[in-house]
Amino acid sequence: MMLYVPIALIFIPVFSALIIYLIKAQSIRYLAFVAQIAMTVLAILYYEAYTGQFADTFFVIGGWHERVGISLINDELSLSFVFLSLFIWWMVLIYTFNTGQNHRTFLFFLMFLQGVFLGLLQTNDLFNMFVFLELMTILVAILVVFKKAGDSFRAGIYYLLLNISGVMMFLIGIILIYFTFGTINVNSVQTVIAAGELVSGDEVALRFAYVLLMAGISVKAALFPVHSWLPKAHGVAMSAISGLLSGLVVKGGLYLFLRVNQMFAGANIDYALFFYIIGALTAVIGVMFALTQKDMKQVLAYHTISQVGIVMMGLSHYDPQTVYGGLLHIFNHALFKSLLFLGAGVIIKAYKTKKIKEIRGVMRTMPVVSIFMIIGMLSITGAPFFNGFISKSIIKYGIQDSGIKYWILFIVNIGTATSFIKMAQVFFGPKPMTIRLRSLEQRIALMTLAFACVVLGNFYIPISTGFFGVDVSHVSVFQWEAFFDYAVALIIGFCFYKLVIEKDPLTVRKIREFNLSFEMSNYLFVLYVAVMTVYFVLL
Amino acid sequence: MGNLDMLSLTAYALQVLLIIMAISIVVHKNNGTIIILITTFSLITASLYVINKAPDVAIAEVAIGSAIIPLIYVISISRQREFIVLDKAMDDFIIADNAFTGVGYVLLKRFTDFYHLELNICNDVRLCSLGAGRDQLLCEQTNVDLIVTKDDERNVYILKGKASSVLTYKLEAMARDYDNIEVVKFKDRDFGD
Amino acid sequence: MIKQLILIGLLGILFGVFFVSMQDIQELYNTFGKDYIAATGFADTGSRNLVTAILLDYRLFDSLFEAGILLIAVSGVIWISKHESQEKNAQFMLDKFKTPDLFVTFSRLVYPLMLAFGFYVIINGHVSPGGGFQGGAIIATAILILYYIDADKDTNIALIVTIEKILYIAILLVASLSLVSRGELFTNFFVIDASPDTKAIYLVLLNVMIGMKVALGLWTIFTAFLKEGR
Amino acid sequence: MNPLLTFVVILIGFYGLSTSSNIIKSVFCVTIIESGVILLFLNLGNLDGGVIPIIGDALPVGGIADPLPQALMITTIVIGSTVTALALMLCIKVFHHYGTVEWAEILSRESGK
């Protein structure tokens, strides 16, 4: 019976979404929580029964031949993502419980997105993956324009068209795979490539397919040349949606990166260096733009780009420890970025402005929220005892041998520290007015996220060994180097902020006003695909 | 033998035609022409699907790609040329002597003709009865581009438009010559949530 | 100009690599999927049209989400075009909708024919080209012709959307009925050795439901566009 | 070689996306790319020759065209049409908010101004 749990995880939210849309009563929104509880219980039961045996988790829908039908599969990776997404959706549902008048329509799209995302995580079929990717793109575009005001329309259409062109590349890759292997089942393709009988792994067709799949995934994961949709979309959406998108949905692209690399494991494709460079560029560019922004949500959105870059720097290694560091950073980033976005949402709602300069005295007006926000900020800057530190340290240990790689990470850390020093100003200053937004649900959501950040930051060793079987005991919080590094980053960041950023010189203004036009984004996308082709196929 | 060659020859000819169509869609400037081209493009692809032994896909393409989608394009593009004006003043500003000869109408007509837009004036009673405080809301939530109101004390007509729209600025530049016309721009009230 | 030339060069690289990979594909060309479906498709699913066999049986899971995409797009388009303030009956002074008489007469003639063709395509989806998605699109096109005959036609969008959602739930239920009857999910609910005629009941049923759903969905999208800002 | 000519169509679509300055034009280009991809899939499915994949009691002598790509492409057509519809609806909204559908002008409008 446990075999049907993956299907149930996909269809419970879809079904509840439809019923929420159909029944016109305000109390129907409790159904979302009922569905969420059911899914959580099922997922936990499934994990209890999970043995790691292939036959126990591999499920062909309809009972057809595995290379013809659509199959679902679960492993540690997908299961951990399933739990992460269930957790983030819990938080978003709790956070948005009492806000917005059009709650039913909102919940409809939100719950449907959950089903689609869980499907994307568990599917073992490339075309099915494509369908879920498209569905996800459409749903996210609708959620971005959901409030139907201001700049959300331009963000929505920019997001939609750029992502669709990326997903189309993904589809061309699927075409090449299908005609090379006669199947689009990820697992079968993986076995055939690993066996090395039908294909040797050096075929141009195979490598070109890899490039095209990666091109589509890069757009979804917002890697460097095709990142420009992210700040636009995440900067203008409602805060709850921004938190969800930045925290989780962007990670869908990174998850597919892992899955596709797993699929091509036998093909001797040397992806590490290329994606390390792309990751480093993404991190540096993201942090550079984040430094210059004045809008609170834009800063957070650009930091998502830079953190995705850091994750990529970890994932693009063959050493399992470093890859695990990247993976752990995905989870940590999901926690603290949702926390920051949701907290920013509370502040923005109270102050009715997004400009950092105009927000002052949050510590006095909303002490509880600001404590949670500070926890999020400490996590993202990599302070010891918080979760960002752990994953950053694992990545740091993995790349310690190479000087350049280490310094890039250090520079990104300084940039992150600088821009959050800038953002921390909102806490100080006089109390401007007597606003007191008492929303218990929002505080519960923030508190849970902050609590998770702290727990992951302190009990990372049992969690890692228990869930992934990875030993990370070499990362210790009680090392004077760790504190020293963090203090140095903070001090340099503070000086940099005082000396450069605060004066707002011409270069900073130029970077802030720099706008990547849509055609230029596509141009860069074509350039990116061509460079990847040259690197992976011709060299 | 001859039959088969004929078919593959047709396929090649249609493929080349498809490329020509694609290039002309990309280089053409006029959106109206492109709709005709994209319909042709879609029909050619449908025939190519049939040649490639896929009648199922061809039926789907003909029904969706060359009937419904072009119609949606037509509607969308015609809506994009519209300049919707809500006339709240309802006096001789727009309609004078039972014909469209009012000062405002002449100005708006000149403006829309200059920018190749289509003027569409609306004076729905229910919308006009809303108070002046809801003008901005009306402008943001509906597709109304401009609201015409009258300030009776100063005898000045006030044209209200969105500050985010380029057209409002262009109209302001054009209305500068008139003494009794003022253009007011609504600022975006975008607070994030 | 230089930018364009570089762009053409970049696309040229992609074309060159694709050219080489086509040579590979011709060597590697794997017909496993095709051979398998050709050999067992009819016996497994009871559908002579193998495309329908794949859409409604082998890969029904995909088709469910394909219908789901339409559902989401319909809800999204309606949500985006919906206005908070009431301006449903706004009167436009300069609106002129006048269809030529010839067109109206012709449309009246074509309308029933197209409707009948749409139903034919849906019902015979398992033996001849066509199926739910195609037939639904044809029916939607036929309904659109009605707007030529009567431009002011009033459509109750909310009702159509509700019916569409209910139909989607019904499709999901029919698709998962096989779990009860034969222990497999998302496939034909008759046993696998049943005669093709028996299996055809399921195929026709699902085709009709998908056809209705697609027709209603496309109709709603079109109406939302037509009524946009009105 | 038909697939090569079809790939040219896809590349033209990408060329259009990277040069078009107008939202509507971009939507047109996405449509072109999508039709190209569909045709490419069918081209390759028909590489061996064969007849329409509707079988009688016995298998046709010359084999059949691959039915799987055809089924997948019907899905892609439906997806493409919905994406187009959504994009065009957003287009109308963008026009009424910014007064233009040129990418450069839309993106240069500062937010909140």
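A, B, C and D are the chain letters, set down in written order, and residue numbers restart from 1 in every chain.
The rule we apply is simple: contacts are C-beta pairs under 8 Å (C-beta built on N, C-alpha and C of every residue); 3 or more make two chains touch, one makes a residue touch a chain.
In this text, all values refer to a predicted model and were calculated from it rather than measured experimentally.
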{"item": "Least step count from chain C to chain D, where 1 means the two chains touch", "value": "1"}
{"item": "Between chain A and chain C, centroid-to-centroid distance (C-alpha), Å", "value": "32"}
{"item": "Separation of mean Cα positions, chain D and chain B [Å, integer]", "value": "23"}
{"item": "Inter-centroid spacing, chain B versus chain A (mean Cα positions, whole Å)", "value": "37"}
{"item": "Centroid spacing, where centroids are CA-atom means, of chain A and chain D in whole angstrom", "value": "28"}
{"item": "Overlap residues in chain D, where contacts from two or more other chains coincide", "value": "8, 14-15, 18-20, 44-45, 47, 52-53, 64, 68-72, 74-75, 77-79, 81-83, 85-86, 88-93, 96-98, 109, 111-112"}
{"item": "Residues of chain B whose C-beta touches two or more other chains", "value": "54-56, 60, 64, 68, 72, 76, 79, 84, 141, 143, 164, 188, 190"}
{"item": "Shared interface positions of chain A, touching two or more other chains", "value": "127, 131, 134, 138, 141-142, 145, 148, 150-151, 178-179, 236, 354, 523, 526"}
{"item": "Topology of the chain contact graph, where touching chains are joined (line, ring, star, complete, other)", "value": "complete"}
{"item": "Complex interface listing, chain B residues touching chain D", "value": "11-12, 15-16, 18-19, 22-23, 25-26, 31, 34, 38, 41-42, 45, 48-49, 52-57, 60-61, 64-65, 68-69, 72-73, 76-77, 79-80, 84, 143, 145, 162-168, 170, 187-188, 190"}
{"item": "Touching residues on chain A, where the partner in the complex is chain C", "value": "4, 7, 11, 14-15, 18, 21-22, 61-65, 67-70, 105, 108-109, 112, 116, 119, 127-128, 131-132, 134-135, 138-139, 141-142, 145-146, 148, 176, 178-183, 198-199, 203-206, 208-209, 523, 526-527, 529-530, 533-534, 537-538"}
{"item": "Residues on chain B engaged by chain C in the complex (per definition of touch)", "value": "54-56, 58-60, 63-64, 67-68, 71-72, 75-76, 79, 82, 84, 119-124, 126-127, 130, 134, 137-138, 141-143"}
{"item": "Interfacial residue positions of chain D with respect to chain C in the complex", "value": "1, 3-4, 7-8, 11, 14-15, 18-19, 44-45, 47-48, 52-56, 59, 63-64, 66-68, 70-72, 74-75, 77-79, 81-83, 85-86, 88-90, 92-93, 96"}
{"item": "Interfacial residue positions of chain C with respect to chain D in the complex", "value": "4, 7-8, 11, 14-15, 18-19, 22, 25-26, 29, 31, 33-34, 37-39, 41-42, 48-51, 53-55, 59, 62-63, 66, 69-70, 72-73, 76-77, 80-81, 127-129, 131, 133-134, 214, 218, 221, 224-225, 228-229"}
